[in-house]
Amino acid sequence: MPGGDSTHIPAAADVVEARPSFLVRFLRDLVRSPKGMVGFVIIVILLATAALAPLLAPHDPTLQVLTDRFLPPFYAEGGSVDHLIGADNMGRDLLSRVILATRTSVTVALIVIVIIMVFGSAVGLLSGYFGGMVDSLLMRLVDFQLSFPFILLALLLLAIFGPGFSTLIVALSVAFWVNFARLVRSETLKLREAEFVQAARSIGVSHAAIMIKHILPNTLPSIIVLATLDIAVIIISEAAMSFLGLGIQPPTPSWGMMISDGRNYLYDSYWMVLGPGFAIVVTAVGINLFGDFLRDTYDPRQSRL
Amino acid sequence: MSDALLTISGLETRYRTSRGDLRAVDGASLTVRSGEAVGLVGESGCGKSALGQSIMRLIQPPGRITGGRIEFAGRDLLTLGDREMRRLRGREIAMIFQDPMATLDPVQRIGDQIAELLEFHTDLGRAAIRKRVVEMLEQVGIPQPAARYRNYPHEFSGGMQQRAIIAAALILQPRLVIADEPTTALDVTVQAQILDLLRRLQESRTNTAIILVSHDLGVVSQLCDRVCVMYSGEVIEEASTGEILADPRHPYTVGLIASMPRLDVEGQTLNPIPGSVPDAINPPPGCKFAPRCPRAMDRCRVERPVLRDQGSGRSVACHLYD
Amino acid sequence: MGAYLVRRLLQALLVIAAVVFVVAMLVKLVPGDIVDMMAIGNPAFTEEDAERVREELGMNRSVVEHFVVYTAGLFEGELGNSIRHRQPAATLIAERLPATIELTVVAMIFALVLAIPIGVITAIKQGSVVDQVGTALATLGVAIPGFLLGILMIMLFTVELGWLPPSGRSGSVVVALYHSVVELDPGILWESLRYFLMPAAALAASIVAINSRLIRSTMLDVIRQDYIQFVRAKGAPTRVVYIRHALRNALIPSVTILGLQLGFLISGAFIIENVFAWPGLGRLAVEAILWRDLPLIQATVLVSSIIFVALSITVDLVYRFLDPRIDYARR
């Protein structure tokens, strides 16, 4: 039986007319779902902004212009079109900072998601496939960590390494890897008993080959759905850490830190929090909408909770 | 009939689906006299349960009652206000459901679930309610009723649960009990006990009429004086139990009886009725049984027969007897 | 029940022992000399001070010896001394702890008080405008981080409307409730509660969003069950059908999830405290990190973990109370 598609037993209709390619099917499903479409567009904008941030930013995000301190947005009295959403307490252009902070958030989220996808899936796969003592111990750990307050783990790591980019990455990875381990383990448990896996085993395919070529590809839809929804949570958590001063450190701009700066000037310069706040909410809503669409379309079994 | 307790005429209950309205009950008519036991028989999906729930106006969306009349003790149930209808439920008309395991609220004590009836419909105090419930539990044959009062449903066996539900149904001495497949979910030996219990209770309360909904004519014949046969949302034949078994008239009833397994005949072959139940969303224009009927005539495919009195308390809806 | 409780407590002890171990080992895990780092920019910090701190922290002891000494200290209520505050960490925590617990519990109550009716109403009115508004708000509620919501609330209720104080805490709400009842003066309660409203609401928002959805979907499932039809057949008033029977059953999964959300809630409380300058453990912990006040970090993490474990057991017991089907003997 050929690789990962072996669970799919083609129906008669499929054989007669070739199935359209995955991309075509995906786009067709996407166009049919308003929710998925809105989310997709937001994600494309998000990624484009992150990729092209230095080109898109109208100003140097770290440039402090004394005369521009607390400059209001263009629509308010004293505002200027040159600084569309105003400037902060140090006279830095807010729009440029929001754009560069997008790059920061996306970078952190992508690094973390890759780490936990690889590590979590590997643990889940091995644990589910081989079972036994190690499995039950690991799952105890996973269950415990799922309910344990993330912030306490983060505090321990911060106490050891001090705040900074790498501590942030490690803390977020430690906090979220369990979701993947749990998901992949439960999928593996089901697939381990599937007929095509039994068949492969009976003709002497090695454990490693079964796991990588037969089981893993079949868990991919669930992994992708979880990864999408988790990215929103990671971005929010990163913003929260940076808001506390425990995440991204200056001078790198981040949404959380910008909101923290703005927190001190709410009475007079409310706009300092509006730009980054808007960016976080739109990002999270967009990713959640797209994730919901993916889940509803490709992985209806996986419930959100 | 002057002593009719319940008169249903031309009742229609429909469920909205994506393909159109599903006619669960489609012009059914039925009469129940005070104190009698009537069997309502038919295959699954013939609308017999929906008919039972319609009488209590318990049809939930997307279902609704779209036509006909239900007259109970001189009142028109379909025009009764919600409040009056609530006062009737449990007190004058009670219901026994099919699956006792699913009928009892899993997180409430058995006794409390029975006590609710007295709470809703009487002014009795807590102690009096409790006493009455314990008495009732004893009457339906639950040992150590006072202790069992505090049990949760999962601590009861299926038969015990059904006894408790029967206790709830009868505690206010309703004038009508609708028993919807009360034995189907139970073990065979327990089935017999429950039927026996129902019979004893019915005999001791001459005022309580019972509608026994069942797919099993055998079960019905043990308890009921009269039988109504339902097919595809309609009552198509009505007669005394003896007459139905000895001399069925409607070809569907004939087929139904022929398909009954008989304990007294060895090596018999079961004769299921060929064909399947008609589409309840787009039913055929004439008699709904015509496509399966061995004696169908041209007329049967265009004109729907109505339930006609054949004299001596028998009625049939079939052109063969016009 | 008793056996179950014993087992659960043993598990909890094991978890706490693990936390104690990790926390105790912190001093060994920090790369470089933590005491030198703390001395930077603090001219009053002499070499003798440094030596004393090293001794206190157990940096001169072996791993095993340190763990034993540290654990023994805990049994005497010894949580170390804050370097920055020059006070026992236990004293600082005792001052701050009630504020955090009250905030968390008030938020939890907010979450339940709001999520239950929203879930029930959107379920009963499935597909209506109310339901659709609920869906939209839930989507938004999950996407807005609590700290941002808190700031937006300050902008509205403090800056724009001037109704609520932007930060701080005016004593214990429990004490205020007591005085309010004794002196028959609701004003006393309000004076304390008005400080709670925004932080607790910001903390509760995403939980409300998630749980109201959960209650909605379980309610929809429950009201289709036979046992609800049976309750209707008994002539129950609508209120009894939905509250006593449907909601009681629908709550079970929500309480289960509440147990899992407890950790999330505590994390949230630590963050929200920093938005509203709430004098609780969260602020203490963040300050301790920024000052690299290691003993204080150890103490806050340890105490918070113990509180978390205690609260989890409580939620667990509530769940078992709600669902009589759980067999204690077999778990």
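Every chain is named by a letter (A, B and C) in the order it is written, and numbering of its residues begins at 1.
One rule holds for everything that comes next: contacts are C-beta pairs under 8 Å (C-beta built on N, C-alpha and C of every residue); 3 or more make two chains touch, one makes a residue touch a chain.
On a predicted model such as this, the values are computed, not experimentally measured, just so you know.
**Q** Which chain has its C-alpha centroid at the greatest distance from the C-alpha centroid of subunit A?
**A** It is B.
**Q** Top contact pair of chains, counted by C-beta pairs?
**A** Chains joined by the most C-beta contact pairs: A-C.
**Q** Mind checking the centre-to-centre distance between subunit A and subunit B? Centres are C-alpha means, answer in whole Å.
**A** 56
**Q** Which whole number of Å gives the spacing of the CA centres of subunit B and subunit C?
**A** About 53 Å, centre to centre.
**Q** Taking each chain's centre as the mean of its CA atoms, how far is subunit A from subunit C in angstrom?
**A** Computed from C-alpha means, the inter-chain centre distance equals 25 Å.
**Q** Send over the residues of subunit C in touch with two or more other chains.
**A** There are none in subunit C.
**Q** Give the residues of subunit A touching no fewer than two other chains, as numbers and ranges.
**A** none
**Q** Would you pull the subunit B residues touching subunit C in the complex into a rising list?
**A** Those residues of subunit B that touch subunit C are 53, 56, 58, 60, 86-91, 94-95, 97-99, 102-108, 116-117, 120-121, 152, 154, 165, 168.
**Q** Mind pulling up the subunit A residues that touch subunit C in the complex?
**A** Those residues of subunit A that touch subunit C are 144, 146-152, 155-156, 158-163, 232, 236, 239-240, 243-246, 256, 259, 262-263, 266-267, 270, 273, 277, 280-281, 284-285, 288-289, 305.
**Q** Using the touch rule from the top, collect the residues of subunit C that touch subunit A in their complex.
**A** 15, 22-23, 26, 29-31, 139-140, 142-148, 151-152, 154-155, 158-159, 166, 210, 214, 257, 259-260, 262-264, 266-267, 270-271, 274-275, 282, 285-286, 289-290, 292, 294, 297-298, 300-301, 304-305, 308, 312
**Q** Please output the residues of subunit C touching subunit B within their complex, sorted ascending.
**A** 223-227, 229-237, 240, 244-245, 248-249, 252, 322-325
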